[in-house]
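Just below sit the structures, each encoded as structure tokens.
In what follows, subunit A forms one complex with subunit B and a second complex with subunit C.
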Partner chain A sequence: MDRIGKVDNCSARSRGSTSNMKFLTTNFLKCSVKGCDNSNLNFPLHYVGANCQLEQDESIEFNPEFLLRIIDRLEWPAVVSVAADLGNNDLPPNKPEFDENLTEEDMVILRDLHTLLIQTNITEGQMQCKNCEHIYYIKNSIPNLLLPPHLA
Partner chain B sequence: MLATPYVTCDYSKVYEPSEDSFLLLDALEADVSWLNNRFDGTAPLTVEIGSGSGIVSTFLMQNNIPNMNGIYLATDLNPWALEATLDTCSRNDCKTKRFDVLQTDLTSAIRKNEVDLLVFNPPYVPAESVPYVPVSKDAVHDDEWLFLALDGGDDGMVVTRRLLDTLDLILSENGVAYILFCARNNPETVSSHMKLRGWNSKLVEHRKAGWEVLSVYKFFRK
Partner chain C sequence: MVQVHLNFRLAELESLADLHGIDVDFSGYSVDSPFMVVTLKNDKDASDWIKRSVLTRAIYEYWGEGTDYESLHKSIQSLPELEAYKSANDQKSFKFEFEKYGGNARQDTSARVSTIESFKYLDLKGPIRMKNPDEVFTVIEEYKAISDNVGGECPVKLYFGRQVQLSDRATGAVEKYDLKKRPYKGTTSFEAELSLASANIAQVKPGSIMYDPFVGTGSFLVAGGHYGALVLGSDIDGRMIRGKGQQTIGANFKHYKEAIQYLDVVTMDFTHNAIRDTLAIDTILCDPPYGIRESIKVLGAKDPEKFIGKEDVEINGQKAYLLRDYIPTKKPYSLDSLLDDLLDYASRRLPVNGRLAFWMPTANDENIATIIPLNSKLELKYNCVQDFNKWSRRLLVYINRGPDFNGPSNSGLDRTSNFRDRYFSGFN
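== the complex of A and B ==
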């Protein structure tokens, strides 16, 4: 398997800022429009890759125990689709599974997922609802999902 | 007693930590082992709504509440509050925590039934109405942003009620919400209504603070 944690257009540097929208967070964000809650297209949002700036932030250490627990609750198809939005097409279609005793190969996969989920940050970008097509912006690493008054 | 995070920000735009904030910290501290047991073996998602200065989220992260493997999101309508929250997080050495902020109304941008620990110190002051969200970050008057943190409309309950009415769609199966009330919100009545709607509702802490009587209730499924 290729290095699944790598996102191509990601600059390998950390600003050392606390303001970092992690890839992981994309697994929890949906469209704010109430009407879209009845659609299954409101999650995950579509990340407009060409307009997204990514950064690698290595301040959070690799923690296999945490990763096992978080992978357990992730919506895997959304991980795959957002990674593809951002230029990474190397993720396996099915959620990786791990036995109690982690092999060396497992550790490689977990490290890659750490790089992707925790260390890959979206600093600037656009997210679009696949149902209503409303565009939300990420500026200075803070996603803004407030709606204009006519949609709220 | 667990230490209180160090906070400094522009209090003309962001709510300054006060008795209500501290009561919320005390309530969460009192429930540390209860929360720890509840989320044992998981990576719980904590969401603080209206994080303001960030004191509560920072406190939770500093003390690994609910556990060592938590992830944290803080939301606010006020962009100045989100910056203050990140600043407080960084001043208290929480840079290495799995934490993000997002600008949104309550939890409307968070996938349903994912929140394990929800914490909310709402705008609870009875007022004629809930203020409009300023269109621009640089509002004409700085306190336009501040008033969003204070005025809670009728009975001071308009915003809290909006949250409680959708709690079933927000919390995970095991999820729990800690919410702060003042006496004028009639928390006992709110609590019994929630019980009638099938929730467990428990008073965690209460305190007289000046002329206000504040309380923190927790709500979770039966």
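== the complex of A and C ==
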């Protein structure tokens, strides 16, 4: 539990690059092929771990209040599965819950989640729909969800 | 209040009052006047209401008014609440300020001091502090300009009050976000003042999620982030999103020290949306492509026959369309269809009472009335026009009222498709 934030193949640290796809964003993106909306396999996308480059951006400050709002909106099973895609198998199966008064232990978990969700950037990589198997690319830290004409 | 963007000012004030659940009687509002007198429950309501405002300057506790200092003093001294106001303030540190409206007459310091001394009857016993006083007492001097360029020399109207809250404008938001000082911007970047006002009229809330489906260089993300929303953008044009080197949308957020508000931007066709349906989007605020700088495009082949079988093309044994550098083809789309899609998306994705706000261009000289896109689940709340010479643009603001609303709809109708042609022919 205390190493939630770690992702194994993190290549660079704190380059502070100015554009970045946050790990958090993997929790928002489904396949853009309309036909896949009828499948429950279109979210989350599968991240091809071997082809993903990660980077830590430590310039964004830790803000527990902000993070709690984000956690509220997460689909937790997708966080777990994408983290596993990227080499982190240490996440708890259920979404951590927090009381109004945060304990020291809560803060440790929140800091780890901050490291994972906010500070971990995917700079290059491939995302694949588990339904139609279309491959999308993350290029220069920007995910590209455009489609070829036969899928549009 | 400020006497600019008058078509937006009341919408901003109403939206901010509604956002904070403050009951405001707008019967004292006049589009021609920079002043409005209003009764509110307490300082907190006044402060909440005006703190975010971009089109006002400040809100004061009203102590009196007059056409000159003599009548101002009389007015203050006859105020029923004066004794209560005096005892509430008599031990506090304070200073006096003079706000001039419509004039630039200079008064020397000694004249100012004697003016301040004329308020002696207020019995302010606290220390005078020029920096961070407990209270700021303000004299607002309204001048009548002699001509457009020459301000008046003698005030025609005076107001006196205790400052309760300076607006976002008065504390520097418009300057802070001035495009001239923004690290990453482009030809389509939206000016600071009206993008902030748009975010207020759209009721962007702290901690909520705001989405801009035509994000460009991220002007509206900046405005939404300033008001505390977590902001997410997409654009079919990856070049805008990518920025230039260190100049990116993310870099702007770091520059403003609001990086935490910025979620991400993705390259995506809004009409082939990849945001999961279960992600709650609280507000949509955007400036859709008008089709002027470049035509409106969505994914798909303009000439489908040419693309028959193209999905089987392979390069070095790999499907071409699955390669990293594959560039999908795009086809033209009409502004009407795009706006229909936008309204439909908002009606499906916003919570009930959530707001969609976007900008739409119209030609001014057409004899045909401008047709505003409508969706049966959305209530058109505001239609605020900004006039240019031969064309105008308007901020359209809709409230999602849900499936039972049954409002009028004109989805699928040809409404604005000739705007681009008319723009290029000079609206003649």
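As a convention for this text, the second predicted complex is superposed on the first by the 150 of 152 C-alpha atoms of A that agree within 3 Å, B and C clash if a C-alpha of one lies under 4 Å from a C-alpha of the other, contacts with A are read in each partner's own complex, and residues count from 1 in each chain.
Following the convention adopted for this analysis, contacts are C-beta pairs under 8 Å (C-beta built on N, C-alpha and C of every residue); 3 or more make two chains touch, one makes a residue touch a chain.
Note that the structure is a prediction, hence the values are computed from the model and not measured.
Enquirer: Following the superposition defined at the top, how do subunit B and subunit C come out on subunit A, clash or fit?
Expert: Subunit B and subunit C clash in the superposed model.
Enquirer: Look at A:Thr25 in the shared chain and tell me whether it touches subunit B only, subunit C only, both, or neither; answer first, second, both or neither.
Expert: A:Thr25 sits against subunit B and subunit C alike.
Enquirer: After lining up the shared chain so the two structures overlap, which partner does A:Leu102 touch, if you call subunit B first and subunit C second: first, second, both or neither?
Expert: In the superposition, A:Leu102 contacts neither subunit B nor subunit C.
Enquirer: Applying the document's definition of touch, where does A:Arg73 land relative to subunit B and subunit C: first, second, both, or neither?
Expert: both
Enquirer: With the two complexes superposed on chain A, say which partner A:Glu61 touches: subunit B (first), subunit C (second), both, or neither.
Expert: In the superposition, A:Glu61 contacts both subunit B and subunit C.
Enquirer: With both complexes superposed on chain A, which partner does A:Ala50 reach: first (subunit B), second (subunit C), both or neither?
Expert: A:Ala50 sits against neither subunit B nor subunit C.
Enquirer: Give the one stretch of subunit C, out of 41-49, 149-157 or 221-229, that collides with subunit B after superposing.
Expert: Of the stretches 41-49, 149-157 or 221-229 of subunit C, only 221-229 runs into subunit B after superposition.
Enquirer: Please identify the positions on subunit A that touch both subunit B and subunit C, taking each partner from its own complex.
Expert: Comparing the two interfaces on subunit A, one with subunit B and one with subunit C, the shared residues are 18-22, 24-25, 27-32, 34, 37, 43, 59-61, 63, 66, 69-70, 73, 75, 118, 142-147, 149, 152.
Enquirer: Show me the residue ranges of subunit B that touch subunit A in the complex, using the header's touch definition.
Expert: 41-43, 45, 68-69, 71, 73, 77, 79, 82-83, 86-87, 89-90, 94-105, 108-112, 114, 132-133
Enquirer: Per the contact definition, I'd like the list of subunit A residues that touch subunit B in the complex.
Expert: 18-22, 24-25, 27-32, 34, 37, 43, 59-61, 63, 65-66, 69-70, 72-73, 75, 118, 142-147, 149, 152
Enquirer: Show me the residue ranges of subunit C that touch subunit A in the complex, using the header's touch definition.
Expert: So the residues of subunit C touching subunit A come out as 207, 209, 230, 232, 234, 236, 238, 241-243, 246-251, 254, 259-260, 263-269, 272-280, 298-301, 304, 307, 310-311, 321-322, 324, 326, 328-329.
Enquirer: Using the touch definition from the top, list the residues of subunit A that touch subunit C in their complex.
Expert: Counting only subunit A, the residues touching subunit C are 18-22, 24-25, 27-34, 37, 43, 59-61, 63, 66, 69-70, 73, 75, 118, 134-135, 137, 139-140, 142-150, 152.
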